[in-house]
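Please find the structures below.
You will see subunit A twice below: alongside subunit B first, and alongside subunit C after that.
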Partner chain A sequence: MSWLTAWAGYLPQMMSGLGVSLMIAAVSIVAGYPLGLVLSLMVRAKNLAARTLGLALVEVGRGAPALVILYLFYYGLPKFGIAFESITAACLALIWNAAAYSSEIIRAGIQSVPRGQLEASNALGLSQRDTFFRITMPQGMRSAIPGLMGVAIQMFQGTSLAYGIAVPELMKTAYNIGSQDFNYLQIFTLAGLCYAVISMPATWITVFFEKRMARHA
Partner chain B sequence: MNAFTAVLEGLPLTVGLTLAAFAIGISGAVPLALGLSSPVVPLQLACRLFVDLVRGVPIIVWLFLLKFGIQIGTFKFNPVGAAIVGLGVVSVAYLAEIYRGGLQAVPRGQLEAAHALGLPRGSTFFRVVVPQAFRIVSPSIATYLVGLLKDSSIASTIIVAEMVFQSQSFARQHPTVEGILPYVIVGVVYIALSLPVAYLSRWLDARMRKVVHV
Partner chain C sequence: MTLSPPADSKLVPRLGIKLDNISKRYGDHVVLDDVSLHVEPGTVTALIGPSGAGKSTFLRCINLLERPDAGTIRVAGHTIEPGKAVNGRDLAALRSTVGMVFQSFNLFPHMTALKNVSFPQQRVLGRSKEEADARSMQLLERVGLKEKAGQHPGRCSGGQQQRIAIARALALDPSIMLFDEPTSALDPEVGLEVLSVMRELAADGMTMVVVTHEMQFARDVSDTLVVMADCKIIEQGDPKAIMSDPAEARTRRFLRAVLER
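And then the complex of A and B:
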């Protein structure tokens, strides 16, 4: 019981930490998805410069650990005189991360649209633009939905890395509480539960969508 | 000392952590994957809950729980121990899910054929299902290994002196423009390390498709 009463005492602080985590996750997703779409188009572009830049942004965004990108923004760039607040740095780093991952998922989704669809719209005399925006994109995005939901969960969990740059999110809040009275086991268990309470149902919903998509495929 | 050698000093620990956790994951996931595919409902649900719970909590929380939260008598985890166990347990959960997907992807006809040929259940599982499942999941396992390599960077937050930790201490000692170098270099090293594994994954994927579908 003592755990529950202790948790009840921690809860208000933890909730404000969770709020910060959710906010960072929301920003990184809301900005990351459209940027991911742009990156996926750049990677397929005919223009060599656009393609190279797109590929570089995607490969670094996915290939380097999120923590490294975070540190690069927060500790690295200020040495060039470009300084961000910790929370801005966290958002920027996770936006890049989210954009890189979602671009690959969107690209795969677009690629999964059957060729026949393109041929059909060609035969019907649709312009290239209409073909892309009204035939390819809607179908491609549909099959990208479960993957994009996975990115959202990954980003929510990734916000915990912002602990490393002292953003007052859930993990940092937990650590601060823990270092006051050294009840690390209690507080980190509570932190884990806070993350799990959101991630687990989100995963189940994603799996549900995956199954539904597979049935219609 | 320049930034590059500073970062490389952490390379053995990064690789060691990754491989140790991978070894725990790849073996520990076997019983768990069997549990996930078990017809015994309570067992299956318990395994499912474990997998979802482990995956639902960020790695950094697991590492802090082990490093700071666990104290049994006089025993406490040292940073490397906590990192290996933490990353290992997370790998067990992720790889079990991958294995389960592979077992499920083996066509039912294979089981029926093995049954019709009178193969005992043990042989059916180990000589018919497992080899095919392994072929199906091997690209995903390689992809997971790349993810694990990157996740090992989180160990720097509990003071494991791997590459990111080394980058940070170098950057702290060099407040000038040079201080950005370790972060760029460490990013490049991670990408360089993942390239061979990513290539292996693509090769396995191509091979898998060729053998199974032709």
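And then the complex of A and C:
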């Protein structure tokens, strides 16, 4: 019972931290996914320079831990005279992370569109542009949706990394509260619950979509 | 009841197909070895033969879904030398006069039946939505599926999907229709619905090339029977004559195998 009263007292601060976490997640998804689409196109491009750049961005974005990229943006770039506020650095690093992961999911989605669809489109005389934007993309994105939702949940949880550069998000807020009275068990349990309250329903929705898609496949 | 393009398109000269010396290989694997075929306008040609003979590949050369390595393709007034570069406009012009129906239907699953039939008309022929939809409804009615207009393909049976696919191809007013095993993915009863639509189309004078294993359709409907085996045309002529008395031993063996089924 004492935990619940303690939690109630922490809640206003924690909610503001959760708000920051959700904001960072939203920014990285809203900016990262369109960028991911662009990257997925670059990786498939005929132009060698575009393909190489696309591949490099995707492979580094997926290959390096998000925390490393976060640190590079925040501590590394000032060396070149580029300095960001911690929250901006966090957003940029996570945008890259989201773009890299989503690009692979989008690419897989596009590749999952049966060859027959392209053949039918070609045989009808539809232009390459129409074939891509009206036939391939809508179907590819549809099958990418569950994967993209999964990455969105990971992105939300990944915002906790911003703690490492002192962004006042949920994790940092919890740490600050905990360091006042050293009741870390209590406060991090609450932090975990806050993440779970968002992530779990999101996972259920994802599973629902997966099932729905499987049924209509 | 007529399935062919509207009356005014009769002013357009009906044109046939001349494929000469078509060869195609994938790496070392020869698929078509110097194959030639002429199809007169208004006739139905049935392409039969064992699998792997190159029938589908040959059919797909007609609208350049497959690009042959050598030969000349003359389709509906367009000449294409596949060895040379083909510009996009020639390709689009050729494809707009040739309709194609696939074994796996290949309807666009994210569009309703109506949209499947209307969308290409709007984008390829530049018809307005109203114009395209009117033509689509007309064709859907003729293939007996007016009531399916608002449904997505996933809600339609295989036979219905294939008839919608035929309507989609006809909506572009092609002068030639290609069928790539249109009933092979359907159970026999449902296949009959599709075959009857094709019979009507043939009766209307559509130029058709049909890759098929439906021997009865080939015998009753086609004007020319073409037998392919081992990357070549081994025999062609009157379907009834070939079926009752094939000249080639290979044809005889194939026909015996199919007819004994």
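We adopt the following convention: the second predicted complex is superposed on the first by the 217 of 217 C-alpha atoms of A that agree within 3 Å, B and C clash if a C-alpha of one lies under 4 Å from a C-alpha of the other, contacts with A are read in each partner's own complex, and residues count from 1 in each chain.
The rule is short, and it goes like this: a residue touches a chain if its C-beta (ideal position, glycine included) is under 8 Å from a C-beta of that chain, and two chains touch if they have at least 3 such contacts.
Please read these numbers as outputs of a predicted model, since none were measured by experiment.
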item	value
Touched partner set for A:192, first subunit B, second subunit C, both or neither	first
Contacts of A:175 with subunit B and subunit C, given as first, second, both or neither	first
Touching partner for A:79 - first (subunit B), second (subunit C), both, neither	first
Partner touching more residues of subunit A, whether subunit B or subunit C	B
First, second, both or neither for A:64, with subunit B first and subunit C second	first
Which of subunit B and subunit C A:34 touches, first, second, both or neither	neither
Touched partner set for A:9, first subunit B, second subunit C, both or neither	neither
Which superposed partner A:139 touches (first subunit B, second subunit C, both, neither)	second
Subunit C-touching residues of subunit A, taken from the complex the two chains share	114, 116-117, 119-127, 130, 134-135, 138-139, 142, 216
Residues of subunit B touching subunit A in the complex	52-53, 55-58, 60-62, 64-65, 68-71, 150-151, 153-154, 156-157, 164, 167-168, 171, 175-180, 183-184, 186-188, 190-191, 194
Touching residues on subunit A, where the partner in the complex is subunit B	59-60, 63-69, 71-72, 75-77, 79-80, 157-158, 160-161, 163-164, 171, 174-175, 178, 184-186, 188-189, 191-192, 195-196, 199-200, 203-204
Subunit C - residues contacting subunit A, complex	63, 65, 92, 95-96, 98-100, 102, 104, 106-110, 119-120, 123-124, 154, 165, 168-169, 172
